[in-house]
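I'd like to ask you about the structure that follows.
Order as written gives the chain letters A, B, C, D and E; numbering starts at 1 within each chain.
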Amino acid sequence: MNYAEFLGMGAEMTLMVVIILLFIYDTFAPSKCGKYLPITAITLLGIQTLYLAFGNFADVSLFGGMYISGSAEQVAKIILNIGTILVFIQAASWVKDGDMQIRRGEYYVLTLITLLGMYFMMSAQNFLLFFLGLETASLPMTALVAIEKYKQNSYEAAAKYLFFAVFSSALMLLGMSYIYGVTGTLYYNGILSNITASPLTILAVVLFIAGMGFKLSLVPFHLWTADVYQGAPTVVTSYLSVISKGAAAYAFMMVLKDAFGTADLVWLTVMYAIIILTITVGNLFAIRQQNIKRFLAFSSISQAGYIMLGIMACNAHGATSLLYYVLVYIFSNIAAFAVAGAIERASGKLNISDYDGLYKTNPKLSVAMMLAMFSLAGIPPFAGFFSKFFIFYSAIETGTTGMYILVFIALLNTIISLYYYLLVVKAMFLKDSEAPIATIKSDGYTKAVVFITVAGIILLGLVSWVYDYIYGMVI
Amino acid sequence: MSILSIFVVIPILMMGGLFLSKSMTQIRTVATVGSALQLIASIVLVVLFCGERAAGNTAEMLFMADHVWFEPLNIHYAVGVDGVSVAMILLSAIIVFAGVFASWKINPLPKEFFLWLILLSIGVYGFFISIDLFTMFMFYEVALIPMYLLIGIWGSGKKYYSAMKLTLMLMGGSALLMLGILGIYFNSSVDGNLTMNILEIAKNNAIPESMQNILFPLTFVGFGVLGAMFPFHTWSPDGHASAPTAVSMLHAGVLMKLGGYGCFRVAMYLMPYATVELSWIFLILTGISVFYGAYSACVQTDLKYINAYSSVSHCGLVLFALLMWNTTAMTGAIMQMLSHGLMTALFFALIGMIYGRTHTRDIREMGGLMKIMPFLSVCYVIAGLASLGLPGLSGFVAEMTVFVGAFQWDDTFRRVFTILACTSIVITAVYILRVVGKILYGPVQDEHHATLTDAVWYEKFSTITLIIAVAGIGMLPLWVSDLLRDSISVISERILQYI
Amino acid sequence: MENIGNEVIFYIIAAVMLIFSVMTVTTKHLLRSATYLLFVLFGTAALYFQLDYHFLGAVQVAVYAGGIVVLFVFSILLTQGLGQNKEKIKSSKLVLALSAAILGAVVCGYSLFTHIFPASRYAMGEEITMKTVGQVLLGSERYQYVLPFELISVLLLACIIGGIMIARKR
Amino acid sequence: MDYSIVILALPFLMFLTLALAGNKMSQKFAGLLGTTGLLVITILSYMVTFQYFGMPRVEGVREALMPYNFEWLSFTDKLTINLGILLDPISVMMLVVITTVSLMVHIYSMGYMHGEKGFQRYYAFLSLFTFSMLGLVVATNIFQMYIFWELVGVSSYLLIGFYYTKPAAVSASKKAFIVTRFADLGFLIGILLLSFYTETFSFDQLTAEGGFFLTSTSGATFMGCSVASWAMALIFMGGAGKSAMFPLHIWLPDAMEGPTPVSALIHAATMVVAGVYLVARLFPVYLSVPDVLELITWVGAITALYAAIVACVQSDIKRVLAFSTISQIAFMMVALGVCTSMIPGEGGLGYMASMFHLFTHAMFKALLFLGAGAVIHAVHSNEMSDMGGLRKYLPITHITFLIACLAIAGIPPFSGFFSKDEILAAAFNKSTFWGVWMTVVAAITAFYMFRLYFGIFWGKEAKHEHTPHESPATMTVPLIILAVVTCVAGFIPFGEFVTSNGTAYHIHIDPVVATTSVVCAVVAILLATWLFAKPNTKPEKMQAALPKLHKWAYNRFYMDNVYQYITHKIIFARISKPIAWFDRHIIDATMDMFATVTNVAADKIKGFQSGKLQSYVWVYIVGAMVIAVAAMLIFI
Amino acid sequence: MEIPFIYYLIVSGVMFFAGVYGFIARRNMLAILISLELMLNAVDINFAVFNRYLYPGAMEGFFFTLFAIAIAAAETAIAIAIIINIYRNIKNIKSDNLDKMKN
């Protein structure tokens, strides 16, 4: 028993420290200091991110190979951290609201615990740890979704999320149990060497994919997404839509690669179908949405489909593109949610048609929203274009005809997605309204998050350093 | 920094300047100075280029610069120009310059208008200077998306529909294109040194024939959508009709050229085998474009629709000529691009100015404008004459070069289509003269029009710039064709090897 | 003889579990449903005992039967008025539910029966001592579980926080 | 002869000056500027003429000079468009014709167009036309010719549509342009075809001896005819369009909507003979394709007869002149068509005759038009019914007009006699059939010209709002000059200057042919006198006697209606409209359909998002199971 | 004679899909939760049985079951908290009421 191994988990341990510090601060600090909680959380997480980015970490494999952390995991964690910081900045003005004040401590602690769960999900090399990480990421998330607990949308969303999550984890557990039954182990490397082709294996893999499909909201496992995104508080939605999805995507890739790598034909085929379904169905639903949060939910479904293309590649470019896509997606989506959230808080309006003529009254917010939409749609020179291109690049790199077709279908879908992203732009810029949303005075946090995300949207693609960095870490 | 990057830097600086501008005067100053600088820079570029060539520099591309951008993916920011790109840059600079003056009084949101316009021009310049497929593609899309806002905000008529249709169709094209580019990249080399650089891909010439047969249609159609190739041209009439003046100018004048240029530079240059194999399909399509656009234009009643269909016909001729492969026809194609760019821009500028006064574009509601606004009308006649191929104006030299080039083939298939294409010059005369006769000549149709005023200085400036350019090419075509010929013959010979 | 006894016991447990799990989901009374669930859980515990996983059986009884079911009963009593503890299942839902369950069961059954499992290495009466359980739970080697153990503690903490936050009045 | 470039440059500069700065000038200044400029050009071209024809023959042949020839645009290594000046007998002759007539018209217009709005523009266009026409005739290669060919077309368009507020003028100009443009299409394709085989545009190579042309096209045939024939026939189509040959003549009568001096210059003397000039220019080539020459003869002959018949019944004096022009140009075409060899004495006479007639016709037809202009100027109408008995009021016009009529009728010693006689002789040379045909046409010519003459200056006097008066000197002086030229031009030893192979040829009058034609002409004139000199009812009776013929002739045998039908009913209604419809409702609708289908699909699947947790779960598990089953089916 | 382990799997399978049935069919959220418990419990049996019969070397299935029980407990706690919260808000815990948000 060598408990010093705990210290090897730099990211998790430091995050744990942050959680504990925040917990202590929230519990014991005098109530008048409560208003500094957001900035404390942001600072602490920022410090931890910097530590992750610049600290000296060796590639480790701990606890008998149950946990690994290489530079790829590290960069994934950094990306998630960046996203979480952005969400925290976005949240800072939200948690000041009257009802939220009393729950802000819980908000930060729970969010960070889900983040911790995601860390473990990504670093796991064993299905038990993976499953625990997954649950650590989803169960507190339920509480977060329900955090505005007196609003019907919020608890309805929470209930749906919870039941769906547990149902999917039950199915996933069933899958895992079959995998265990087939291979006799839950360690990825053991599975990799023991897995054999049989209906049971296929069923197990599909059940596992279904379970992850829930987290990633892949079609047909996506139906909860829109309702939960709409019902959850905007800040939680943005967290749910980017961080949770990003972590799941990476962990999913790790599992498919490290555990099911020898059965890749099966899951490649399954994922092939699922990607097509996801992108297409997500897009088709998104076309009809009026509520901006629902709209973003469906958009995030189709985005998840694109992210999955990175998994299909099974190579360094694939992993890099996936992480890069997630990073860009974090910035773009948080920008969209930040603007939507700011407008929601100021005017209570969430419908796209309410945005008519927004540019006249709120030019900066509109521009930020537009850039977010462009980035999501993959319009250059914004980051989304690069991430899309790279993800297609990695998919085609495999060189099979099927991939060409898949990318082609994905590309056709970008047209549909462009259509609905432009609908938002159209509302803001093209249309006039007799009663546009009044000019919103945003506070510093909102300004900061919008500024940072917009800067990210513009720079992440053009500055190749980001991609190079991720690539250097992944390879 | 390479001299070429100036063409991207100036617009970026302009955008910065516009961003800081407060008043209309400042906005105009920035836009004017910036576009004038660009025009000067492009003229300097032409001079430098000719100087280099005269000094015996026979490299395929000049002023090359190459910066690694995304190293893991072999993506470079690689620029370089040959005669064709130089000509295209000059064309763009002229039209942007004229476009700025044509939108002198743009309203509302002048600042935003110019910002988008300049962004569009970044895309255009970047596209023409790039020799890296990725960079090229990126600039290509940069040029497309501002159209949505430019048409949607400042357009007229059913602008939402048109803007959306245009954007989606063009993006559809670029979706094909992206696939094509990726396919090209992954087949760019046999020894694993994959590259995005056009020159290297061409040098390696490693794309397997079976792949070429797939990738060529993808890229050709992808660019062809922007080049208004039948049957993917339908965005053009609606888009042009709804767009504001300067946008129509830029779009027809420059953006549609991106399509032709791309077909030429990417599809045909990189995939000569498939070009030879599959040209017949596209010859049919483009031949139809030429013919079909012209006939459609005959019965339209909206000025902009007439011009849009005329553009379909003329741009069809560009692609048609490119598919004839020989140096002459391809030179003609590029000259047709220049010519069409300038005269269509002129047309749209004039239509915009006329529309700004009469508030109608329906030719049935206008008449006798020659009396009311002689300057605009005369310019319109000149544009019309250029369009129907009057010698001394640019249309003639371009069309003749195309036809002579196309006639160098003596198989029946090409002959028939060439002659069919030739007939378009008659039809062009029909619809041009129909419009001129209807709206400029004859008695004044609407007495409200009688009190309208003629062009003001900035409008005159805009149109005169374009007319000078149109006449310049028309009168002294040799320098243009000399500028183009060497660069084109490289590509042409490359393709002809595969016959 | 012992084997036969074992077998008989298994069949009895299995029958109880099958019957009650079906009844759990079909009974119209919520409280009965919880009770049947309790039987099923006991049955599961019995299975664990039968498999000589005594510790597991104990945990099952303690946590599930002792904890969760009690929680259920309390919340049922809290949320159900006396008259409204019956529910009717709509036929459309019934079709949905049956189709999903049967489809799933068929697919799983088919997969299970077609799969060739390795030979059974069942060793009768091989008991796992508490010491082993403790060492494995707190060891950091391969097949030892200190990390999940710590992680689940965090998870439980989070659930406590979350649960309290949601359930408390303010 | 380096200064010859000035002949081209000066009108162009004048055009630019007048076009750009015309509005700033007074009308008088602009007129004077234009006229002076043209005077200079005229003098220069006369100098060129004297110098050229003064040069000694080389081996008995007049040598072609090419003082300028620079590359303007290069297509391929061999095919380049050069711009240059080619001086040879016919181009020099044309220089004289063009500058002379143009100068007359310039002078005349100062009076005729006095006070018109757009006077400066008018002169600008005239300069443009002069430039283009001069460029056309001195072209060194067929493509240069095509370039200027187009330019004269557009000048003509602009000038016909000079009164742009008049709808008739607008549609006439449009018609003129489009019809000639259509013909030019043939010209262009012909050029392309020709150049493809010969790999040159240059006239001197095309017409070089030794069958260069024939050898290069040998063997290639298309639809039974050799490619050479096709090419030359198509090139002739261009010429036929410009020269208003049947059935492409329909634009010319309408072109009379332009100002009368313009008609004189463009639609009588210069531009319309460009087709003849073209055929003459490529004469050696045409000689090598006899079937095309046959075609030219037929087209010319039919046109001549047709136009002459139509001219007999027209009431608009300018239309009569227009049909007369068509008919006369057809004479020139026939003259070229009946040639059988390069040697003037042995079947190559027609070439010389044609050119000669071109020359004389330019003069007297210009005179006729200008005279008609003077008449119109006086009575403000084109209709013969508004005229009659004008000889008292317009004495100078009357005399000059009469001279021109006599010339066109072929009465010696006026110039028309000599040239027409040569044509008839050439026609008889070929075959009696053509000789008789053309003689008949010549007789009809005399008839309708005198019908016109009597209708204007004799006959019943129409009521005038104010008494017609003679035109100012600016108008009468050109009339007089041209009348003088008409009187003496016949005595020019034309064969000395222009022949098919450049050698000298002595014109001698064939007494039989001459007598026959003169007799016929005189008879026709007498008939016209009998019918029209005095007011009477004989013409009406004749009309009543041949109602169908008259009606058909009056309506120009319904050629315009045929064209109307083709353009409106076929091109517009059967091609353009359906294409436009197809574009909107099929192609565009297909594109829209993608959007619609997407939307409908989006609508159809929205039921899955019912908001019900349990149906979501159902989809979830069933989806998972279906995927699993599908995967099993694929892999097991 | 030992009992074929597939029998255990059948029992757990039936239990699991009984849970699925209950989840989809029942209206009361607590009933749904009960069904979920059935499902989780069924999976636990699988793990234990596989461990016991097929892979007795390491105790992976055993411990997975152990942790799964704990997670089930945690999840139940949260779920009941949410259900109570809903009950507090609308005095009703019918799943049909959770359809305010839909297309």
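The rule we apply is simple: contacts are C-beta pairs under 8 Å (C-beta built on N, C-alpha and C of every residue); 3 or more make two chains touch, one makes a residue touch a chain.
As the structure is a prediction and not an experimental result, all values here were calculated from the model.
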Exercise for review: List every chain that touches both chain A and chain D.
Suggested key: B, C, E
**Study point:** Intersection of the contact lists for chain A and chain B
**Key:** D
Check your understanding: From the centre of chain E, which chain's CA centre is farthest?
Key -> D
Exercise for review: Between C-E and B-D, flag the pair that has more C-beta pairs in contact.
Suggested key: C-E
Practice item. State the chain with the largest centre-to-centre distance from chain C, centres being mean CA positions. Key: D
Point to revise | Chain closest to the middle [Cα centroid of all protein chains] | key: B
Study note, to complete from the structure: Between the Cα centroids of chain A and chain E the separation in whole angstrom comes to 27
Check your understanding: Using mean CA coordinates as chain centres, what's the chain D-chain E distance in Å?
Key -> 96
Revision key, fill the gap. Expressed in whole Å, how far the mean CA point of chain C lies from that of chain D is 102
Check your understanding: Any idea how many Å lie between the Cα centroids of chain A and chain C?
Key -> 32
Check your understanding: Tell me, which residues of chain C touch at least two other chains?
Key -> 93, 96-97, 100, 104, 107-108, 111-112, 117-118, 143, 145, 148, 152, 155, 159, 162-163, 166
**Study point:** Two or more partner chains touched - positions in chain A
**Key:** 128, 132, 135, 139, 142-143, 146, 149, 158-160, 163, 167, 174, 178, 181, 184, 198-199, 202-203, 226-227, 285, 288, 419
Check your understanding: Listing for chain B: what residues touch at least two other chains?
Key -> 168
Study note, to complete from the structure: Every touching pair of chains is listed here as A-B, A-C, A-D, A-E, B-D, C-D, C-E, D-E
Check your understanding: Any idea which chain C residues touch chain E in the complex?
Key -> 3-4, 6-7, 10, 14, 17-18, 21-22, 24-26, 30, 33-34, 37, 40-41, 44, 47-48, 51-53, 55-56, 59-60, 63-64, 67-68, 71-72, 75-76, 78-79, 87, 89, 93-94, 96-98, 100-102, 104-105, 108-109, 112-113, 117-118, 120-124, 126, 128, 132-133, 136-137, 143, 145, 148, 152, 155-156, 159-160, 162-164, 166-167
Study note, to complete from the structure: chain A contacts chain D in the complex at 159-160, 163-164, 167-168, 171, 197-199, 202-203, 205-207, 209-210, 213-214, 219-221, 223-224, 226-227, 265-266, 269-270, 273-274, 281, 284-285, 287-288, 416, 419
**Study point:** Of all residues in chain B, those that touch chain D in their complex
**Key:** 165, 168-169, 230-231, 233-235, 237-238, 292, 295-296, 298-300, 326-328, 368, 370-371, 385, 388-392, 396-397, 400-401, 403-405, 407-408, 410, 418-419, 422-423, 425-426, 429-430, 433-434, 437, 440-443, 477-478, 481-482, 485
Review point. Chain B touches which residues of chain D in the complex?
Key: 71-76, 79, 81, 143, 146-148, 150-151, 154, 157, 161, 164-167, 169-171, 173-174, 177-178, 181-182, 185, 188-189, 192-193, 195-196, 571-572, 575-577, 579-580, 583, 587-588, 590-592, 595
Practice item. In the complex, go through chain C and note every residue touching chain A. Key: 107-108, 110-112, 114-118, 138-148, 150-152, 154-155, 157-159, 161-163, 165-166, 170
